[in-house]
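Have a look at this one.
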Amino acid sequence: MIDKTISAQQAIAPVTDGQSVMVGGFGVPGTPFLLIEALLAKGVSELTLIKNEANEAGLGVSKLIEAGRVRRLITSHLGLNATVIGLMNSGAIGVEFFPQGILAEKIRAGGAGLLAIVSDIGIDTILRNDKQLLRCGDRDGIVEPALRADIALVHAAKADRAGNLVYEKSARNFNPLMATAADLVIAEAEQVVEIGELAPDEIHTPGAFVDRVVAIEELLPAYGVLHHHVR
Amino acid sequence: MIDKTISAQQAIAPVTDGQSVMVGGFGVPGTPFLLIEALLAKGVSELTLIKNEANEAGLGVSKLIEAGRVRRLITSHLGLNATVIGLMNSGAIGVEFFPQGILAEKIRAGGAGLLAIVSDIGIDTILRNDKQLLRCGDRDGIVEPALRADIALVHAAKADRAGNLVYEKSARNFNPLMATAADLVIAEAEQVVEIGELAPDEIHTPGAFVDRVVAIEELLPAYGVLHHHVR
Amino acid sequence: MSVDAKTKIARRAAREIQAGQVINLGIGIPTLIPSFLPPDLPLTMHSENGIVGAGTISAPGKADRNLIDAGGTYITVVPGASFCDSALSFSLVRGGRLDVSFLGALEVSQQGDLANWIIPGKFAPGIGGAMELAQKARRLIITTTHATRKGEPKILRSCTLPLTARACVDLIITELAVISVQPDGLVLEEIAAETELEIVLQLTEAPLVVGAALKRF
Amino acid sequence: MSVDAKTKIARRAAREIQAGQVINLGIGIPTLIPSFLPPDLPLTMHSENGIVGAGTISAPGKADRNLIDAGGTYITVVPGASFCDSALSFSLVRGGRLDVSFLGALEVSQQGDLANWIIPGKFAPGIGGAMELAQKARRLIITTTHATRKGEPKILRSCTLPLTARACVDLIITELAVISVQPDGLVLEEIAAETELEIVLQLTEAPLVVGAALKRF
């Protein structure tokens, strides 16, 4: 039987300085904190990080950024992370913003082996500046190149040993997209089950996309409820 | 509560001559035979039909084509339907072929509100002729416009009254894509359940994409096993 | 902005929602809208992070670590809800399945242009879902205070800030007025019970046509 | 083509598959490959219609109306299988996750060009998944008779038919030979036990470099 399970440390071992790393999650849900900790511990730097946001100060990918490991961040919104906004404003990291759904589509297109997508989002805004434009019928579109990474780190609720993944609730978000869009896809899972235990119609990411599976032995506190967001 | 259930006849009532109709299915699995029969009974013509293939002679969408209701067919492969190939060769219908996954992406892009996708599939073949090309970095791409339709007919194993859909096994295929890509989306379902009965993580198509739900009271013989394909 | 103003805007905005619609609530004032909706109104609330059928803010002590809305608040879902990935979530928006989007504004122009995502050199946290929501919702309703904290108009002849989307706004709801965006400009449809027409006109830079049947709200 | 030839090709092709690979089997000869695989070889069989983990042909009387492969045959799935839509199914192919694709051929050129989808004016059933499989599989293995029914070579200096994809073929397996596509041309790696080198060369239009360690199969 195929068995892709491995320790977090071993899973992350191939990552080297200067690589691009996609990280799933939208806020806390779906952020692979265990893999991020392993990446932090490994000490690689000059990374290009691709994530919807930068988590919050002191949490998740923000720790990588605060530790100076990230040269460039490709993201959608940093509204909840004043620390990273500060690092951006000081020039400590380069940040490239995309509309959230366009970021998702760029990543998806990378996974789908497309060269680019063409959309009209932002066509009447400053986003069109410096972008490749394309006339499509009677409309102008912005050409957005597909986005792939060397490494993807994703978080699943369940995985089997073959890498089939199931996400839970709003922890799905960017994870299934990134799980298709990197040369090395590493998934952490809260529960790892035997092959055959997941229902074929309910699997969100087929195992063929996933290279390594890391079982989360015990949930770090980071995975918990952020009390300052409880209303 | 939202209740989108309706009879097949009423569901199909808005379809008019000359409209474009996407039909889910790959072979028998996922083909909405009941809705196709309702469309046939309604008698509209000059349709543009979008389907992976044309089913087989005497079955499914082939009945629409054989009855002269289809002016143009956008498809991927007709290898199992010599009748429709004959109608194509005689000029009775116009046929436009796309690589299967590119057809899927075009439909998906229509549903995603994109203008186009850019891919390198077929770039070294006659497919590049007459296509809009785009230089992406150091590669040439073919620009494929997004594809939407007036109507989408899809088949689900289960639906709830709000239009949430769950597909079964290889009957999923083009259905979830088409369910996002038409102005009026009509889903037939083998089982219609109450709102709340489908697990939120296991729904393949959110009800917000679906306008009308038709319960299949009794499966037509067409839904059954095609004995000439049993090996 | 006073709590009263926010409440007033949210209460009035709630009246724009019709049974069966798919809606998205931006951060800020729009998140207050649900408290003013009839409890049995069938609705589908979309959240950009992949929720179709968002519910209410989670009860004290009941927060689910895997269930937040796009603003980070712990929420619940309603019966019939589903979860999807970020691509499908925005397909719903860009594909034309979002009936109404409620967003805040820094500036709105008389052509219905919206600026709400960046103040160059001062405020640039990113884009998020704002452009797609503004540009692609079937109906875009802006909920905002009528003027800035300094008393400067936010409803302008032309936006001075970089746009979120051009000609996207359908209705502007402030604590003072309800203004619709028409092909030939802005129409003052309603004014607040406790204000005067002159005050509204004074705090609005864009020309306002006073609607034929000006109502109080 | 004799059953023996097909069997011979499929049996030899099966030896190209390694444990853990993701493979796709085209229609025709490739569908015969599974019978020659070690039963415990861990593999993931992809089918274009949205199956990752296809199994064997369904047992008599056990056909499931919702479970066919891309060729229309009723099949089973293996433990660990999953279903997906047609977009994700081809993301797997175009995104580089398909290790080996086996396809038939009308013509193959010495540059590894493949023609297998159209004979203008005679045979034009469409494209299906062939272009994507040919162009994007990490390794493309062609299983085909060495010559046409009329005895004309199919392995040519240049393809005469419209291409499926350019420079895509890695290995050609026929009933007579195993030929690899190298940067400087075709290399004859193996010849069938019951044939002669001269026959192979005679039935091949493209120049063949005879491999240093020519084996029999």
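So that you can tell them apart, the chains are marked A, B, C and D in the order they are listed, and the count of residues begins at 1 in each.
Keep in mind that, in the parts below, a contact is a pair of C-beta atoms (placed from the backbone, for glycine too) under 8 Å apart; a residue touches a chain by one contact, two chains touch by 3 or more.
Since the structure is predicted, the reported quantities are computational estimates derived from the model, not experimental observations.
Think of each touching pair as a link: the shortest run of links from chain A to chain C has 1 of them.
The chains touching chain A as well as chain B are C, D. Across A-D and B-D, the chain pair carrying more C-beta contacts is B-D. Ranked by how far their CA centres sit from the centre of chain B, the chains are topped by C.
Distance between chain centres (mean CA atoms), chain B to chain C: 35 Å. Put simply, the C-alpha centre of chain C and that of chain D have 56 angstrom between them. Chain geometry summary: the mean Cα position of chain B and that of chain D are 29 Å apart. Among all residues of chain C, those that touch two or more other chains are 77, 83-84, 87, 90-91, 93-94, 136. Touching two or more other chains at once are residues 105, 108, 112-114, 119-120, 167-169, 172, 200-201 of chain B.
Taken as a graph of touching chains, this assembly has some other topology, since it is neither a line, a ring, a star nor fully connected.
Contacting chain pairs in the structure are A-B, A-C, A-D, B-C, B-D.
Partner chain A is touched in their complex by these residues of chain B: 105, 109, 112-120, 134, 136-137, 139, 141, 143, 145, 166-169, 172, 200-202. By the touch criterion given at the top, residues 47-51, 57-58, 60, 63-70, 72-74, 77, 83-87, 89-91, 93-94, 124-132, 135-136, 162-167 of chain C touch chain A in their complex. Across the interface of their complex, chain C is touched by residues 26-30, 52-53, 75-80, 85, 97-105, 108, 119-122, 124-127, 157, 167-177, 204, 223-226, 229-231 of chain A.
Chain C makes touch with chain B in their complex at residues 20, 22, 42, 44, 46, 52-53, 77, 79-84, 87-88, 90-97, 136. Of all residues in chain A, those touching chain D in their complex are 1-2, 108, 110-114, 160, 162, 164, 180-181, 183, 195-196, 198, 200-201, 203, 206-209.
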